[in-house]
Amino acid sequence: MSSATVPDKLTAKDFASDQEIRWCPGCGDYAILKAVQRTLADLGVPRESTVFVSGIGCSSRFPYYLSTYGFHTIHGRAPAIATGVKVANPDLDVWIVTGDGDGLSIGGNHTIHALRRNVDLQILLFNNEIYGLTKGQYSPTSRRGTVSPSTPHGSFETPMSPGSLALGAGARFLARSVDTMQKHLVDVLTRAHGHRGTSFVEIFQNCLVFNDGVFSEFTERTVAAETQIHVEHGQRLTFGSERNRGLRLKPGALELEVVTIGEDGVTEDDLLVHDETNRALASVLVGLCPPAFPQALGVIYCNPAPTYEDNVREQITVAETAQPHGDLNALIRTGKTWEVAG
Amino acid sequence: MSSATVPDKLTAKDFASDQEIRWCPGCGDYAILKAVQRTLADLGVPRESTVFVSGIGCSSRFPYYLSTYGFHTIHGRAPAIATGVKVANPDLDVWIVTGDGDGLSIGGNHTIHALRRNVDLQILLFNNEIYGLTKGQYSPTSRRGTVSPSTPHGSFETPMSPGSLALGAGARFLARSVDTMQKHLVDVLTRAHGHRGTSFVEIFQNCLVFNDGVFSEFTERTVAAETQIHVEHGQRLTFGSERNRGLRLKPGALELEVVTIGEDGVTEDDLLVHDETNRALASVLVGLCPPAFPQALGVIYCNPAPTYEDNVREQITVAETAQPHGDLNALIRTGKTWEVAG
Amino acid sequence: MTTRPAAEQRGRETVESVVIRFAGDSGDGIQVTGTQFTTATAVFGNDFATFPDFPAEIRAPAGTTFGVSAFQIRFGSQDIANSGDQPDTLVALNPAALKVNLPDLKKGGMVVLDQGAFTARNLSKAGYDTNPLENGALSGYRVIPIDISKMTLEAVKPFGLSQKEALRCKNFWTLGLMLWMYGRNREPAVEWLTEKFSHREELAKSNIAALNAGHVFGEAVELSSEIPVYAVPKAEARPGVYRAVTGTEALVYGLLAGTRAANLKLVFGSYPITPASSLLHMLAKLKSYGVTTFQAEDEIAAACFAIGASFAGSLGVTSSSGPGVALKTEALGLAINTELPLVLINSQRAGPSTGMPTKTDQGDLFQAVYGRNSDAPLPVVAAATPADCFEVAFEAVRLASRYMTPVILLTDGYLANATEPWLLPDLGALPTFRAQFRTDPAGFHPFVRDPETLARAWAVPGTPGLEHRIGGLEKDYDSGNVSYDPDNHQRMTDVRMEKIGRIADDVPLQTVQVGPERGAVAVVGWGSSFGAISEAVMQARSDGLDVSHIHIRHIWPLPRNLGELLAGFDKILVAEMNKGQLLALLRSTYLVPAEGIQQVTGKPFHVREILDAIRSRMEQ
Amino acid sequence: MTTRPAAEQRGRETVESVVIRFAGDSGDGIQVTGTQFTTATAVFGNDFATFPDFPAEIRAPAGTTFGVSAFQIRFGSQDIANSGDQPDTLVALNPAALKVNLPDLKKGGMVVLDQGAFTARNLSKAGYDTNPLENGALSGYRVIPIDISKMTLEAVKPFGLSQKEALRCKNFWTLGLMLWMYGRNREPAVEWLTEKFSHREELAKSNIAALNAGHVFGEAVELSSEIPVYAVPKAEARPGVYRAVTGTEALVYGLLAGTRAANLKLVFGSYPITPASSLLHMLAKLKSYGVTTFQAEDEIAAACFAIGASFAGSLGVTSSSGPGVALKTEALGLAINTELPLVLINSQRAGPSTGMPTKTDQGDLFQAVYGRNSDAPLPVVAAATPADCFEVAFEAVRLASRYMTPVILLTDGYLANATEPWLLPDLGALPTFRAQFRTDPAGFHPFVRDPETLARAWAVPGTPGLEHRIGGLEKDYDSGNVSYDPDNHQRMTDVRMEKIGRIADDVPLQTVQVGPERGAVAVVGWGSSFGAISEAVMQARSDGLDVSHIHIRHIWPLPRNLGELLAGFDKILVAEMNKGQLLALLRSTYLVPAEGIQQVTGKPFHVREILDAIRSRMEQ
């Protein structure tokens, strides 16, 4: 369960625990686990100060498979518990692993409040648009028409967009990646880790048992180039196998449109430059989806602000400076006291 | 508590119950109550098919003061209970009254899921940026620096924007008004009632005991004209006592700017026309605030979609048509049965 | 396996009851095999009880021990009350299944296993260092190794399936063999396959071929008398039409029948959770029966949704398991305070916290009876067997609507999936108890009470002249308005308690399940331990011990005569799958020096343990 | 008012104890008057107990009955255990205050009232049709009508306040009069005013002038002997430094002292709710004492936050009241299963559901002891008096950290605001019980247990070599890894139960509060009914009845000797403000035929009712 001698530089393997992995063979979670282990190794973080907190779901089994500290908590509450961990000890590096059910259905409120408070946490939301662990009911992110055990005639609820919700709640960091895109995912996770404050990463994850291929529209190798746009701060918003397509502002409207360089007089300069600090742009990018638009991946929004625990620390410092080493004996004697002689 | 004889046309007074009102004298809730009673009278809705559901808070006392059906439930859960009421009996006209604590703190998750599901409800959120009933703690909408019993050194959390959150959650109707703006409020409530689906109305409400004047920046009579913009579908976005100021799209950016007609060559035609079906515009409008921008009031977004209970009804109709008058005796005999002879 | 000195029937050894456990990888189709064997057994005319045991993982890696799925059936010619402690026969389709299930097998029991699956790879996945077929691990058992995989492949060859699909037929080969071994018919399985695979005829044909091949293999081998064959004669049963029913199915039918009897719409709100989800799944399919289902964002919303539906004049029903029920506690308080009908179904599972979600438990009695803030009484009923779920659900609807109160119905993970034969009632002949909606404004206020039941008036929105407001604040006894008056609070607290207390006058007197009404020992139980207790007490009685079995359906309020009944026994043993919850309730209510028999393993009670406990306590 | 045939002191009638209730509009500053009178009384040397009673509304319309605020103090020369049933003297600053409080006044008691406030407008707002000063409603009482409003305006005229501000001084005028009546000093009030209004000197001066004017008025009228004067001699008390303390303050100090003794950081997460919020408010001010507070988005998050903090090596504390505690149930299960320390403070209030949020109650004992799914034991402690909150909080921290368990501490709305004198302890001299963090990797797994306490190892993140994962699933006894093994689940269930059971060996034996250790009757209580029971038993004993008072702090597990102790009494009466919760616990645990004395009014227990019950049950 633990090892006392720590090698100088840990490898991805060193971040694996001794527990047998219990996801379905072929589940997208395996790939994410690999990417996280790689990221931790690349970052060179110490195992002992890294904590993974999760809720309940297939995805939330994650902490068992890492050799760091881990807490597999209760359904939907990981953000609240992780906030307690981080506020109690800000020196810890705290990650949350959650699912679309865990983080957006039962845990939606904790997710939005964590984002608003901006505690320095990384939230990894494995979105497979289904409740995996409870055997396949539709989730808040399931598409309309999803036939599931609880919607035998198809669901008709409008799916929630995790990214839109996060921005609406005041997120300061929003990124997206895909389970199978190892390099991209490692990059995104590294950026999320680097961001001080709550980083929200939506990872499109394939549940091959209950929702196989639900993201194939943009994850299939054959179409990926034409249906994904990898946004990068300061770079023009281009995509396509020829890198000749892109997004530009529709003149006179708050809208983007897909254009092709060389067509209709469009030049590269017409394409919008991605500004990851621009909230309005992030709001629009997050809503784009195939077939009309490419799916935006990468760091969509990053605009740091003071973290919750920085603020806590500051208030404590101010208070302690004003009144150092709070003397309890003195405290209980404040106000009116009287003495009864012996 | 009730009266059996119903006059032909009800007046605002007929919507008052016999209960003594227990808000603090001068509380903004009184004005909202008046506006709601007026709206109900104007709409000519029957008392018996109108239901007000609330959570807990000063604002949530609301149903007691109306002569309709009412349910003062538990903290934060009004959207879930109201959904039950409406789905069980879609003929009822269901309103929710909630506060910034009730609807966005403990009840945030139910609020966003109601919006996403689009049940035909009117949600009136009385935002006083404070917990009134529990004597003045800061709430999720309180400004940074709010000194309250639980933040004696000032709060440092980023306030939540109810409008941004609602849009992020997928709201199809979003409007804003102010407790004291009777006519405007009645108009907004009338629109909300007319909208099929969940309508979300944020009402800026003054809590004169614990947060007096927190909206005065745009509600004070002397500044209102210059700090409020009343948006109306199809109309140009103008404001100012001279009606010569307005909003236009900043060229080449996803941003609005304040301009003055006649200055820098700006003409009325340059001003943006409000399109209440445009989500991106709504997102931007909802984020504007004084001093740099005017506060947007009125129907900011309205873009109807099928309601939850319409969908329920449709699935039931389809099922019942396929298999009319479900015979229970037959149902329990489906599958393999065998007989034991007598 | 209880062998009886009875006439051999075509060379078969006649036995009174048998326990068979089918086990294999979760991909092996074990549950289908078990269910089909059950159908054949039912049609044959035995009484039976089944217990499916799924792995906790969705799709554990093939061949691992945590991917093992099992299905146990006990059937016989006498009353079968439980699915049996120890299998007489274990069917193991791979090494992992053997490893996990062998410890439960009866000493000297029979093991039928698929030799073809005992490859080096599978052995290592199962964590076997050496092959149990060779290392003596199976000595002491009657082992029948057959290369089922190979025989299946042979049998289905004509139909051109892929190797993978062909191997999937091995469960029907096995079924064929087992049907032959116990002299059951193949027709029900053939019918089922034909319908199930109507869209892929080759699959139907292959599986039928495998089924037949297994059967033929039995016959062939019989000649060499290597495989024993048994006869389990028909059981006596009340005449009528039967079906096999799971607890979940029976709950669904009970809720439907109950709401029809009450003339109320059934509006169901839930949030998925093991093992409660199946109720949501089944109800969601019954839209044409006027059922509305709602998957909420969490358990709190599900309960609140149901409360809203009840306020609007439907019967709100919600369901969950342990942790989810905990979340509904605050909402339950609202339903108690506003006196609205509500049925909350708790499928208990092993805890605390997440615990062992797929394992059964009886640990939520305290929570149901006591688990709320303030004095917050409500009725609690518990189901004893799969078929009993029907009656208990019907009763829960009756109590909720008649007394304007939330009702908690306790069932558990075992009952949810277990089956037994159910004598189908004529639903038209069941009693009705139409809910009374108030329409008369004269003298109305929302808390005006029926003098007999103390239930408040139910005036539903939409009714002109009865507009009113209710809420969670205390209200005036005489007007229903909010009140902070101290004496009024006392009065309301008293009346809430009294209303629930009076339900005891409206429920059947407690009867004794097995044995006389007074005597040396009463074993008292509740819920799904019914079968094990019943068997244990019957066995004890046939051993000459003076023991009775009392099984409580109405956990709260307790039946009026229970105290008197208990007083008629010298010793009271409360057998439950927790650390003594009904025990505490009975001790505090009746001051009887009851003692507990407890097992908290996540598995159904063992008859043996109860029997041993009865014996040892009687010797004391 | 108990009059004693004692020496008159400067013409004052000497009495042993007095109950005064100050009442007025919530805008009248009644709580300040009461608190200042208390301070003067404390400094004088009486023992005392106070009970503030706020209106439910934030700022109810002035002059209405639901806007009435009251403050009761009982003080005397003997031990004062409760704040008294019925006031001897009622001070009513407006008609509504008279209307609401007169029914409680002792027959023949004194009413001091502000005649100037008895205007037609105020009378009608209070719902009086005719003026009670004129319609005979006060006959039978000793009425002292004074135009306090007018006299106050006169007294403060020199300081140029607005009419509104000037009238606000009338509470200090009244205070002056009452201080004179009972021979108490004005200095503490003057000091307080001077500091309080240091920024607005004219307010300080005006209030002091009003205070003096009230006092002088008393002296002047005395000549006409219209107003009686009393002496209440000092009480005997253990020597030392004292202060008046509310239950909330004492809780805060107890948590601080406890976490220092444990060498743990105090991390507090809560969500506002009446009457628990004051704990959050006080702790939020104590950042310089190393306290971290967090206002969560709801109660679930608050509990989870605290659990996270404990996981990270702090002591997580959370608090709420009834409905909010219900919401924390699921999270408590996690803390039980993962065996993390946690203190949950429940300020009980009247329910069920929202109930009467500002009113006190003892209805949450069942919830605390039993209110969770599965077998989920945890220790429960209850505070008896405001000062006792200190010790109980200290104890809760000790148990949580020593046994790695959540602990529920029960207090209530009465204790939160009530005050009594507190003999200040020397915190440096308190025992310490430093929490043991595991650092040694040898033989470590997260569920390795201390053989004595059975507490698991607490290895906190940040410790190299002890990286581990915990969660809500059942775990293997020997490795801490997830386990679904049936026998292991039994073992873990047993050890969780045993760990909590062993705490009984580590808490003081139960003592008898009043009376002998065996005898005819024991009145058993818990929580804030301490004072009323104690008084009632003392009175009964002085009437010659053989009664003892046993008051239980450790509700679960119960003290080891309690059964034996109870066995020494012929009759056991359990007095509690609920429908019989401790009663059920004692009956089921000890099989004693205990009976209940119950009051559920939202008000503290009446001594009289307990006394009557003792008498009538003894006559039976």
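A, B, C and D are the chain letters, set down in written order, and residue numbers restart from 1 in every chain.
Here, a contact is a pair of C-beta atoms (placed from the backbone, for glycine too) under 8 Å apart; a residue touches a chain by one contact, two chains touch by 3 or more.
Owing to the predicted nature of the structure, the values given are computational and were not obtained by experimental measurement.
A.B. asks: Name whichever of A-C, A-D or B-C reuses the B-D interface, so over half of the contact pairs are the same residue numbers.
C.D. replies: Comparing each option in A-C, A-D or B-C with B-D, the repeat is A-C.
A.B. asks: Looking only at C-beta pairs in contact, point me to the busier pair out of B-C and A-C.
C.D. replies: Between A-C and B-C, contacts are more numerous in B-C.
A.B. asks: Quick one: point me to the chain whose Cα centre is farthest from that of subunit B.
C.D. replies: Result for the farthest chain: C.
A.B. asks: For subunit B and subunit C, let me know how many angstrom lie between their CA-based centres, rounded off.
C.D. replies: 45
A.B. asks: Averaged over CA atoms, how far is the centre of subunit A from the centre of subunit C? Could you give it in whole Å?
C.D. replies: Those two chain centres are 40 Å apart.
A.B. asks: Can you compute the centre-to-centre distance for subunit A and subunit B, using the mean CA position of each chain? Integer Å is fine.
C.D. replies: Distance between chain centres: 30 Å.
A.B. asks: In whole angstrom, how far does the Cα centroid of subunit C sit from the Cα centroid of subunit D?
C.D. replies: 47
A.B. asks: Hunt down the residues of subunit A that sit against at least two other chains at once, touch-wise.
C.D. replies: 56, 74, 105-106, 108-109, 113, 140, 153, 315, 319 - these are the residues of subunit A that touch more than one other chain.
A.B. asks: Can you list the subunit D residues in contact with two or more other chains?
C.D. replies: 66, 287, 297-298, 300, 323, 330, 333-334, 338, 353-354, 471-473
A.B. asks: Using the touch rule from the top, collect the residues of subunit B that touch subunit D in their complex.
C.D. replies: Counting only subunit B, the residues touching subunit D are 20, 22-25, 56, 58, 74-76, 105-106, 108, 131-135, 137-138, 140, 149-153, 209.
A.B. asks: Can you check the complex and tell me which residues of subunit C touch subunit B?
C.D. replies: 39, 42-43, 45, 188, 192, 237-244, 253, 256-257, 260, 265, 267, 269, 286-290, 292, 294, 296-298, 300-302, 304-314, 316, 330-331, 333-334, 338, 424, 426-428, 441-442, 444-446, 460-473, 479-482
A.B. asks: Name, in rising order, each residue of subunit A that touches subunit B in their complex.
C.D. replies: Answer in residue numbers: 105-109, 112-113, 116-118, 140, 153, 156-161, 164-170, 249, 252-255, 278-281, 283-284, 287, 305-306, 308, 311, 315, 318-319.
A.B. asks: Where on subunit C is subunit A touching in the complex?
C.D. replies: Residues of subunit C touching subunit A: 57-62, 64, 66, 271-274, 277, 280-281, 284-285, 287, 293, 295, 297-299, 323, 353-354.
A.B. asks: Could you pull out which subunit A residues touch subunit D in their complex?
C.D. replies: The contact residues of subunit A facing subunit D are 1-6, 17, 19, 46-49, 51, 53, 56, 63-64, 66-74, 77, 79-89, 91-92, 109-110, 113, 312, 315-316, 319-320, 322-324, 326, 328-329, 331-333, 335-342.
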